[in-house]
Amino acid sequence: METFIFLIFAALAVASSLVVVMHRSPVYATMSLVVTLFSVAVLFVLLGAPFLGTLQILIYAGAIVVLFLFVIMLLNLQKEGEAAGRRRGQLWVALPGALIFIGMVGLVFWRAGAPDLQPLTEDLVSLKGLATALFTDYLLPFEIVGLLLLVAVIGATVAARKAPDAADDSGVLPREDFVTEETARKEARP
Amino acid sequence: MNPGLVATLLKYAVMFGVFINVAPIMNWVERRACAYIQDRPGPNRVGPLGLFQPLADAAKFMFKEDVTPAAADKLLYLMAPVLALLPAFTTFVIIPFGPDLTVSGRTIPLVVAPVDTGVLLFLALSSLAVYSLVLAGYASNNKFSLIGGIRASAQLISYELALTLSVLAVLLPVNSFRLSDIVAYQQAHVWNFIPQILGFFVFLVASFAETNRLPFDLPEAESELIAGFHTEYSAMRFAAFFQAEYTNMAALAALGVTLFFGGWSLPGVHIGGWLGAIVGLVTLIAKIGICMAVFVWVRWTFPRFRYDQLMRLGWKVLLPLSILNLIVVAAMTLAGWL
Amino acid sequence: MLELLWLIPILPLAGAAVNGLLGRRFPKALVTAVGVGAPLLSLLVALGCLWEFAKGSFPGDAYNLVLYAWTAGDLSIPVAFLLDHLSAVMLFIVTFVGFLIHVYSAGYMAHEERYSRYFAYLNLFMSAMLLLVLGNNYLVMFVGWEGVGLCSYLLIGFYYDQRFPPYAGKKAFIVNRIGDFAFLVGMFALFANFGTLNYADLFSRISEQPGLVTGPTVMGLPLASFVALCFFVGAMGKSAQIPLYVWLPDAMAGPTPVSALIHAATMVTAGVYMVVRSNVIYQLAPGVSQFVAVIGAATAIFAATIAIAQTDIKKVLAYSTVSQLGYMFLAAGLGAYSAALFHVLTHAFFKALLFLASGSVIHAMGGEQDMTKMGGLKKKLPSTFWTYLIGTIAIAGIPPLAGFFSKDEILHAAAGNGQWVLWAVGLITAGLTAFYMFRSVFLSFFGSFRGTHEQEHHLHESPPSMTIPLWILAAGSVVAGWIGLPKVIAETNQFHRWLEPVLFHPAGREAIEHEMGTGMEWALILIAVAVAVAGILLARSMYGGDSGLANGRTWAERFPVLHRVLVNKYYVDEIYDALIVKPLAGLSRFFWKGVDTFIIDGTIHAGAYATELTGEFGRLSTTGNVRTYALYFFLGVILLGCWIAFG
Amino acid sequence: MSSVPISWYLMLAALLFAIGTVGALTRRNGISIFLSIELMLNAANLTLVAFSRQMGDRTGQLIVFFVMAVAAAEAAVGLALFIAVFRARRTIDINRLNLMRG
């Protein structure tokens, strides 16, 4: 049963990740990534980490990828065209590299054999244990990650904001879905 | 066959039966209530009091032509309604609808999926609902739809934060993600909306936004975006969106009553066995019904927000309020008052 | 009451903070209320404290109030206030004169745009000055010392939108810095040897064992002499003695009340206060004391001669201040510390009065400071004229006004010590003082008006907020001297007796004054008064009447070289410029062009060029395309992985 | 119950990682590169969880948690940068953003 589920979702993950990498439309690529993420989440649950599986969906699929999609639509990105100067060379180096990498890992496992998975312990699955470790032994990294997120929020806001003077000088109307009270009043003035 | 699997399938069948019927019933309720509020009769031709109106609508949806715009992205256009239904019909699996049942020596918890990460799973699944709106908007290849889709993604992400934080505050004193534990806690103490009234209001407002209901129906705003992301949809695909919207509402209402109003339980009532299960289910349905009525009432009473107001409310009012609520509840929990 | 001592400096500080931070938004009346109210409250508290102090309702000679200890590692400096007989006198001068000048300022600065800023600075000055006076150790004094320096800088450059004032402020700051440096070095020397800067600890240990300071040497000098010299160099800067006096005349670029308060009555006397405070050390360094006296006398006569030729009324007063400060140091150097402080007290009254009255004149003249354009103001500005005249008589040393008594005591000390040269210099200076002060009176107030018609039309007496302080100060200028009547008139010198607890008399250096006969004393007094009267009469004969200005010109033409030298202030600024500023600038330019640009930059450029050359080759690998870099990275990872897996 | 050997999980992770790497190295669209990087991060996460299971140590799971947080931060900042770049250049084609060419 477990093997069966693993095989299904592993195949799904590989297939969808190939779509992510190969499809020329960013929207399809993004949606395929959701499938990959979902498959990996299932594998997390199989490995005895249901909390991480849920988080994977909640954070990755529910927030991060939505953000990708949001930006794709905001910029209205179209399919990657066959523009001039396409670099084939890049592919001919990257592909053998990736194959070497896989071969390398495979060789390591071929040498080491395939030990069975350790049995699942109650302690490993329990949410309480995870939370306790997070807020005691790993409190400092946790705080640092919190700080990192705060910095990222501020940085993202600053980076994505329109330059205030440029917006005023160009005389270009703000985009309609971002018309605020102030800009509306400014426009109304003769 | 595995008896556990059978029980799960049966439980799912019960909940599915409840939630699939929300949309037709609400269709009728909404139209009649709207008419009542606007001082007009509303649909009253089909059957007594127009009660068979939903059937007529369903028939109409089935026989209408299913149009796909020529410039649309066919695959995504097809997937969007399906994606809308998917979270709608999975989220309710974690809602408990009665006390534990003992059948031939086996204890069966009356919840479809009694998982440890209960509430989180609900949030995770419901967060996927945004994809259908965004994809529908994108695939239609129509600027109104696209704007509706962008608005939907921004709005849903923004209000998810406040919603999640208000839910987290409920979990703190209970010390568990399982909704059945939360119900048990409320049975033992008092319904959560009393100590956490602030959290409840944040939850209420955020759930209006999460379901794209007025006053937060910016993604579909008829007057400016025609119908937003589902402008191009017709016939059964439109019906799927319709169904998904009401099912989502019902699921959020179910979560709300479970978190804040004791779920299937009633204060002072402790009945076990089959009777208890039935009473629990009926109580849950009744509570969901009251919540849905509030949804309808609010929809026809409030005007729509402007987009910037919506964002300001979400980030500058609800989010700080929910954080405040979380801090207060955490402090009270630490102090042992909850 | 005495435990409220800390309020005295804090109140003006609070006023400064309020006006400085919020004053722009306040209405003018509120700014005035805060700016004048804070010194008033401070004055009231100070008077209460002085009353308690005079009653002596505490053990010992001095009252100590420790606020908190400033601690850094092993070092602990208590921030503490001290009220003894010496700081009591200074406290009275600063709060009383300071308050009057604040009142005057409210009228004088009424039309000033930066009104609130002015009061913020002035209050801050009060606070710093009080800190200087009240501190119970040298470090607290130094904090106040630097604070008043800062405020002086800010207020001299108050009209910063004009050309000259910012320059003058900078000059004052830099010149003072030289003195401050010496002061600091002196403090370090004391601290290194005693581990404390507390007056009481230091002085009691020194007076019990004078060997502690006369024994060890620093740079070839006995410790006492070294410290005394350092402190005196500090005082030279702050109190404008030769050779560091040059900033004070330029400081007149600030508003006139500021000149009165900071550059006449209080701040510039801080040096005198410091020397008197350190009298224990100076008594043990007789050589340095003699040096102080000589410098003081030289400054006195030097400045007085310059003042004769000046036509700017404020410049006359400024040089007169330098000259009077020279008197004070003369007294301090002679060991007549009470006489020095007595002169500080009387000078505070009459010099503040003179400055304020001149301010009133300038106010009436619409900003005109040149006496050659005045004349005949007696009738138009009666209050101003009478008060200015009282101040002039006081400074000229005519009995029974204040200046006479203090100046007489200084001359008496010189004669009593047998220093007849210094006595003669002081006497000549007294005559010159009487001459140039009456010269300014005759030029400004007598004769006929020489300004423009428009100015004449606008002539008006100043408002009461300005004239009332004038009259109060005039009264002070008359009576302030009576607290220190000389022996020949009164039984004992009250002021002398008051200061007795803080003065130190080492064995073998008693003053000789007791041995002088009464007749001799009367003779000296008469000579001094006669010289002063002669100066006045000379001024009247030269400058009295309508032809005063023309007479002056004739005299100037008779001695063209002398006149030019005096008008140009002995070319001291030019000499400093040629001897110090120019060579320093040249040296800096050498370091800039020669050392920095050529040697240092050249080395770096060579390195940079080598780097650039390397970069020219290295850049071939950077395509600017992120993916290329990522590819390098990936290949590196693979190689590393192979090495780990198979190596 | 037959259990899946850990090496299967790890091989799968290696495969996903390789796919992500090739994507990141060959795609020209900035967003696509980002997606590939997310893929690589997920492969790493899978490895961590698998080893965590095998070693019976939950540190691996905790690190996955941190990786997710960092990925969220990275996505927020990265996408904001893309918006800014797009405003200035009207494109997020990586090949055309070569101002840093030596």
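Here the chain labels run A, B, C and D in written order, and each chain numbers its own residues starting at 1.
Simple rule for what comes next: contacts are C-beta pairs under 8 Å (C-beta built on N, C-alpha and C of every residue); 3 or more make two chains touch, one makes a residue touch a chain.
Owing to the predicted nature of the structure, the values given are computational and were not obtained by experimental measurement.
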{"item": "C-D against A-B, pair bridged by the larger set of C-beta contacts", "value": "A-B"}
{"item": "From subunit C, the most remote chain by mean C-alpha position", "value": "B"}
{"item": "Subunit A and subunit C: spacing of chain centres that average the CA atoms, whole Å", "value": "71"}
{"item": "Distance between chain centroids, defined by C-alpha means - subunit A, subunit B (Å)", "value": "27"}
{"item": "Chain centre separation (subunit A, subunit D; CA means) in Å", "value": "7"}
{"item": "Two or more partner chains touched - positions in subunit A", "value": "51, 55, 63, 67, 74, 87, 90, 93-94, 97, 101"}
{"item": "Residues of subunit D touching at least two other chains", "value": "21, 25-26, 28, 95"}
{"item": "Overall pattern in which the protein chains touch one another (line/ring/star/complete/other)", "value": "other"}
{"item": "Interchain contacts, given as pairs of chains that touch", "value": "A-B, A-C, A-D, C-D"}
{"item": "Residue numbers on subunit C that touch subunit D, as the complex places them", "value": "615, 618-627, 630-631, 634"}
{"item": "Sites on subunit A touched by subunit C in the complex", "value": "87, 90, 93-94, 97, 100-101, 104, 107-108"}
{"item": "Interfacial residue positions of subunit C with respect to subunit A in the complex", "value": "625, 627-628, 631, 634-635, 638, 641-642, 645"}
{"item": "Interface residues, subunit A side, partner subunit B - complex", "value": "27-28, 31, 34, 50-51, 54-55, 57-58, 61-63, 66-67, 69-70, 73-74, 76, 125, 127, 177-181"}
{"item": "Subunit C-touching residues of subunit D, taken from the complex the two chains share", "value": "21, 24-26, 28, 33, 94-95, 97-102"}
